[in-house]
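Letters A, B, C and D mark the chains as written, and numbering starts fresh at 1 in each.
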Amino acid sequence: MTADVSLAAGRGYLAIPGPSVIPDAVLQAMHRPSPNIYAGELVEMTATLIPDLRRVARTEHHVAIYISNGHGAWEAALQNTLQPGDTVLVASSGRFAIGWSEMAEALGIKVELLDFGTGAPWDMDQIASHLAADTAHRIKAVLAVHVDTSSSIRNDVAAMRAALDACDHPALLMADCIASLGCDRFEMDAWGVDVMVAACQKGLMVPAGMGFVFFSPKAAEARARLPRVSRYWDWEPRANPEEFYQYFGGTAPTHHLYGLRAALDLIHAEGMEAVWARHHHLARAIWAACDAWGAGGPLRMNVQDVALRSNAVTSLHLGGDDATRLRTWVEQTLGLTLGIGLGMAPPNSPEWHGFLRLGHMGHVSGQMIMGLLGGVDAGLKALEIPHGSGALEAASQVIAGAGAASVAETSERGSCCG
Amino acid sequence: MTADVSLAAGRGYLAIPGPSVIPDAVLQAMHRPSPNIYAGELVEMTATLIPDLRRVARTEHHVAIYISNGHGAWEAALQNTLQPGDTVLVASSGRFAIGWSEMAEALGIKVELLDFGTGAPWDMDQIASHLAADTAHRIKAVLAVHVDTSSSIRNDVAAMRAALDACDHPALLMADCIASLGCDRFEMDAWGVDVMVAACQKGLMVPAGMGFVFFSPKAAEARARLPRVSRYWDWEPRANPEEFYQYFGGTAPTHHLYGLRAALDLIHAEGMEAVWARHHHLARAIWAACDAWGAGGPLRMNVQDVALRSNAVTSLHLGGDDATRLRTWVEQTLGLTLGIGLGMAPPNSPEWHGFLRLGHMGHVSGQMIMGLLGGVDAGLKALEIPHGSGALEAASQVIAGAGAASVAETSERGSCCG
Amino acid sequence: MTADVSLAAGRGYLAIPGPSVIPDAVLQAMHRPSPNIYAGELVEMTATLIPDLRRVARTEHHVAIYISNGHGAWEAALQNTLQPGDTVLVASSGRFAIGWSEMAEALGIKVELLDFGTGAPWDMDQIASHLAADTAHRIKAVLAVHVDTSSSIRNDVAAMRAALDACDHPALLMADCIASLGCDRFEMDAWGVDVMVAACQKGLMVPAGMGFVFFSPKAAEARARLPRVSRYWDWEPRANPEEFYQYFGGTAPTHHLYGLRAALDLIHAEGMEAVWARHHHLARAIWAACDAWGAGGPLRMNVQDVALRSNAVTSLHLGGDDATRLRTWVEQTLGLTLGIGLGMAPPNSPEWHGFLRLGHMGHVSGQMIMGLLGGVDAGLKALEIPHGSGALEAASQVIAGAGAASVAETSERGSCCG
Amino acid sequence: MTADVSLAAGRGYLAIPGPSVIPDAVLQAMHRPSPNIYAGELVEMTATLIPDLRRVARTEHHVAIYISNGHGAWEAALQNTLQPGDTVLVASSGRFAIGWSEMAEALGIKVELLDFGTGAPWDMDQIASHLAADTAHRIKAVLAVHVDTSSSIRNDVAAMRAALDACDHPALLMADCIASLGCDRFEMDAWGVDVMVAACQKGLMVPAGMGFVFFSPKAAEARARLPRVSRYWDWEPRANPEEFYQYFGGTAPTHHLYGLRAALDLIHAEGMEAVWARHHHLARAIWAACDAWGAGGPLRMNVQDVALRSNAVTSLHLGGDDATRLRTWVEQTLGLTLGIGLGMAPPNSPEWHGFLRLGHMGHVSGQMIMGLLGGVDAGLKALEIPHGSGALEAASQVIAGAGAASVAETSERGSCCG
């Protein structure tokens, strides 16, 4: 009797673009009895989360924590700044910008959509013209997805602020950093962002279940002008609680808060610059492998321009049904789970099976990325999908440069290309 | 040198009315890597939760799961059934009915409040008159808190349905079972409830972070008539998902789902009737102790009528600042945390310090309740708060009757007094 | 259909005399990946355990850690000090002194047994005579069980040293503190103990799997005179390792070491005097309850003299098969597990079912003890076993005195009656 | 300011030859309260471990579980079969055979050592001659290390049995499978092994703390002839317990038993043939990489003959201090921990820094091994240690063949080369 050998026993590796790999320290911190929610340790600990969240977002301003996922944080941002009949401008480079705009429409908000597809970044000229033409300031906010998890395009949020300022447009700049926070450099205050939306299950390395909305004083003023805001979404008491329960509009997400504390400890022990540098270095290794594979076969990164690539997620195209075959093989044979393509083709269409994504956000090391790429390489070989050789060696060469590279170098890069 | 002896080292016991004690099996189930959220084990497991949630609520109808706390579930219930300008009737026996009505008002809903205070149940005659007078059917829904966690009054939800039916009033009957689900008998379908709101951190024994809204076909029709519903709260795709992410309007609360699976396994292995019988029996032990203490001192249960007492929470009055003193002593000296009074006096007022609550919901055994009562008894003695003797012996006598009592007996009681 | 109500769902309570209740912090610390065993964190952390173990034993001398249970530590103590043909004196007040002597005999050591039964402490006069008569110093060591877990008698180890000194007898004084360490005051150096044997699963609150042998310079000299010592048991390299693996004679018990670190952190944060005072206070509460029960029924503590009772375990007699009935009822109905009697009657004999033991060692609080006693009280009532009333109230009165009692008071008591 | 980029944040990977990576299921199973050790769940569960341990060792005979590490199991095997003055033959291909022989000598046993160094397997001719010459049957046992963790040589245990049988020598065949059990095929009964020694922290995937001794009826007879056996090591009551505590000569290793149950569940769900096939396939990938690296630089596998290589551990030589440099770089930069060389050069000698080992035992998948190799490749590049190119591609090619390979194929191979 003959059976295939499976090499899948062992620690699984979930390399999808969120949820990401949860650190042991976070899971340990969450394995504890329920705490008192009125006084004591939890109350004191929660207060320490706020400044540490601000440091991740590079802001001096406000943060509201929600028991929700990222979609909930999207809704919270909209509910605190806009009312039915208001207009927003949405610049889209992927599925998630569309998703946020659909959420706005469901709230009765008018959406002006500049859709640049899934293969191109924002066209800043077109956006500038659009804003300049809005002399009546009909547009109340610009919805800007920093990294679109579907296309893996990283847009230039600072440039959006410049475009608004260039025509003295008063619209709020609202950024979605769900996929990028803690992975790609983001500087909320320096970049002039008014509202920033994030969630805990990607770069923040906590099991899904919390959303965050950061907001500026200007956004707080917009909130103050609204006739009413839903109690659950109202960020005002959450950001300025007089009683502990107001942080969360009711019962606190007790265990998630302990998990978040552990995750923030990891992040700030490493340092934001070091965290960003690590993600960038690892992303470069992935890109080097993809370039090599692509040189001898159909594999293509969705984003050609290096300056537009995210450090957190890489969207790939293989064509045919090879993406699905590859995902299936590495999961069943190696215990490695890759992300499905999203927004690149209609779900379940024949084309859909040609796309996939690699997640490389949060709790990822050089060794893990080499395992991810090694798994993909083996899958390409096993399935006889044509691919260039030397991909792993190219990635290894990048990883090997970790000592020679430096945090400051990456830091400069980050500030020049936003 | 002399220092007080502390007896607090050891396993802490959180006896507040939620969050409740989390079973080891639930925490174990949550201590795991993030799963794939697009296919595989999580997807299959989540489907098994739905029928088991229905069994807890005794309904054949729909359930939507939210990443939220109970307040979020309140908002979800309102957002799916009502629009600004609509009117609801709220019958209140405690702080939480008021809280729900405030949430409705913040959404632009008009509230007609029948406030029976914190010491009395619903006056069904008054409610019936109010409903009968609404011949124009201005009232779209009745908000009915089954057990108000603040007062610990258990209201008769089936009687509310009878009152509606008696005058052929079409309003939806919306019940808040946040404090009672899994503790006090609740029969959604048999009692004619259209919408039921619950959360995971009390009788369901999962760390805070999930809310549930159960709804009937009639409620689904009300939803269908609304011009728009917020994407995050919309229960329609959550209850009838075509894609997995629709269950949760985005990313799934991965670890909480595993925790819920473990909790539902515990509940249904014990059996709903047995779970209710256990809670009732334990509550009777608590009441027996309170009666004995009260016979020789100031301690009073807030609810005098046994038929109106919850099996999940007991609100107590000691007077002066003795409640705060007692809570402080048992926590510092014994590692036992009792609940603060809520809604019985203004927060931080002198009177506030005279109230406290005992939580006895979810993962509680006879031995735990004897430890809770023993701790309270020792605290009364240590602080020289007058109290009748024999309280623990009285409770022990009730506990001892566990063998003689029976699930069916309790069941009958449950069905006669709603 | 009628079924008994069970009140057992909820957190179980294992109140047997070891293994004891494991603190959450210990289990958390053990839930981690395997560490490197040649360098790094584990190596550095292990070095910190040694001084903290010494502080628990009140010694400045040596400690060897074994991967073993307490029986392994017994054997280690014998193997490092004695050889076949040597003679030891064993003074017995329970089953475990007999067990240790049997282990010695299996190693070819001659045992002179002074057996005082299971109801009496050492007769120091008889022992003194025996030692004085040994003018040839045939006896190489005295095996002295501090607290015999079977009878719960606490013997006076310092008096044994005095008896040896009184006749200038050179025998080693070897104490078994498996049941008492971290519960009953023990002062290794002040009391002149040469070898002390302990294990991790009782007062040290770590899952079973480690034994400890503490030894004095005099014992080290005895070891040095032996012609050979088994490699696994040899305490010399374990206590004075040049390489990390020598601590453990091979691979380290990695996860247990992290657990022990967490447990020692708890113990020393509380303070040895406070730990002992807590155990004594809790034991007094138990004794008060037992006195009250016994006043109206057959329940008797095995140790009548308060000065001879252990703070860690209480051996009880009920007679008939009532002990087994009681244990069964509280476990099945309340989730409370009591200890079987041990060494008081032949296993499975009719008499055996009349004995039981309560464990109150390690991670125990005032609230837990009240739960334990409340469970027993309910069981006595449920089974209609005659018992005096007021037991819980008597215990509660003791617990209530925690504020008034003091660590120093207990400390004095401890030093006078050793 | 410039700082090196570290890529070490993320899940660490401990790739040393034991302790190995612990599965989440095992850690979860161990994160639980202490159980009763006299009756109930633990007692019933423990009984299920025995047949499942036998299946791992491919034996129908006895197994004794020890709270110990592998060295303890070594000692147990010796103590149950030999007495001071007895003679054993030790055939050595590495440090651990020497270690076992030293342990025998410390017990007063005479050792005849045939030392084949660290680079060669047993010379069966020389062994056969040695045995044949022992016509007086002075040799009571042959100590045979299956895989020596230091050299990574896998010896042919079945051939040793053949050599004994060829000259009708009655000596017991005692195998050390500490490094190999659950990784390299081992067939205790088919290969005529009398005593087999193992531990839990390698192929069995449980945190260090348990040893196992499997023994045949013939070995049991040898035990029966001994005048005495230490109580702690005596395998007779452990293998044939009348009371539960006899399994463990005292208190059970409670949490480890739950961990072992989970590990055996994983192993037998995969199937022994599949487990062995996976290890072999992964080892082949490692060897392919090593061959490629060695083609262009100093890296050499210690074992040249493929048929002599273990599937569990690979001992490597780099020369100079490059092994230490490589280990340091991959740990600090990538979070990957490799094993030190052992027994190949004196500890801390200059030569010592030229050796290292890769552990690939137990809970390892194809993706993990590619991460391990990728990390090593990056380290070689970063440190500019010459090495041939294409190593990762060669390993990937092997991994890719997983589908084409088959369990049965490996099985045949296993049975032919033992």
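Just so it is clear, a residue touches a chain if its C-beta (ideal position, glycine included) is under 8 Å from a C-beta of that chain, and two chains touch if they have at least 3 such contacts.
This is a predicted model, so every value here is computed, not measured.
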{"item": "Reference chain A; chain at largest CA-centroid distance", "value": "C"}
{"item": "Distance from the mean Cα position of chain D to that of chain A, given in whole angstrom", "value": "44"}
{"item": "Centroid distance [mean C-alpha coordinates] between chain D and chain B, Å", "value": "55"}
{"item": "Separation of mean Cα positions, chain B and chain A [Å, integer]", "value": "36"}
{"item": "Multi-chain contact residues (two or more partners), chain B", "value": "12, 21, 24, 27-28, 31-33"}
{"item": "Contact graph of the chains (line, ring, star, complete, other)", "value": "complete"}
{"item": "Contact set on chain B toward chain C in their complex", "value": "1-13, 21, 23-24, 31, 266, 270, 274-275, 277-278, 281-282, 329-330, 333-336, 363-375, 377-382, 389-393, 395-397, 399-410"}
{"item": "Of all residues in chain D, those that touch chain B in their complex", "value": "24, 27-28, 31-33"}
{"item": "Sites on chain C touched by chain D in the complex", "value": "11-12, 14, 16, 18-22, 27-28, 30-38, 40, 67-72, 74-75, 79, 102-103, 106-108, 199, 201, 207-209, 228-232, 234, 243, 248-256, 337, 339-340, 347"}
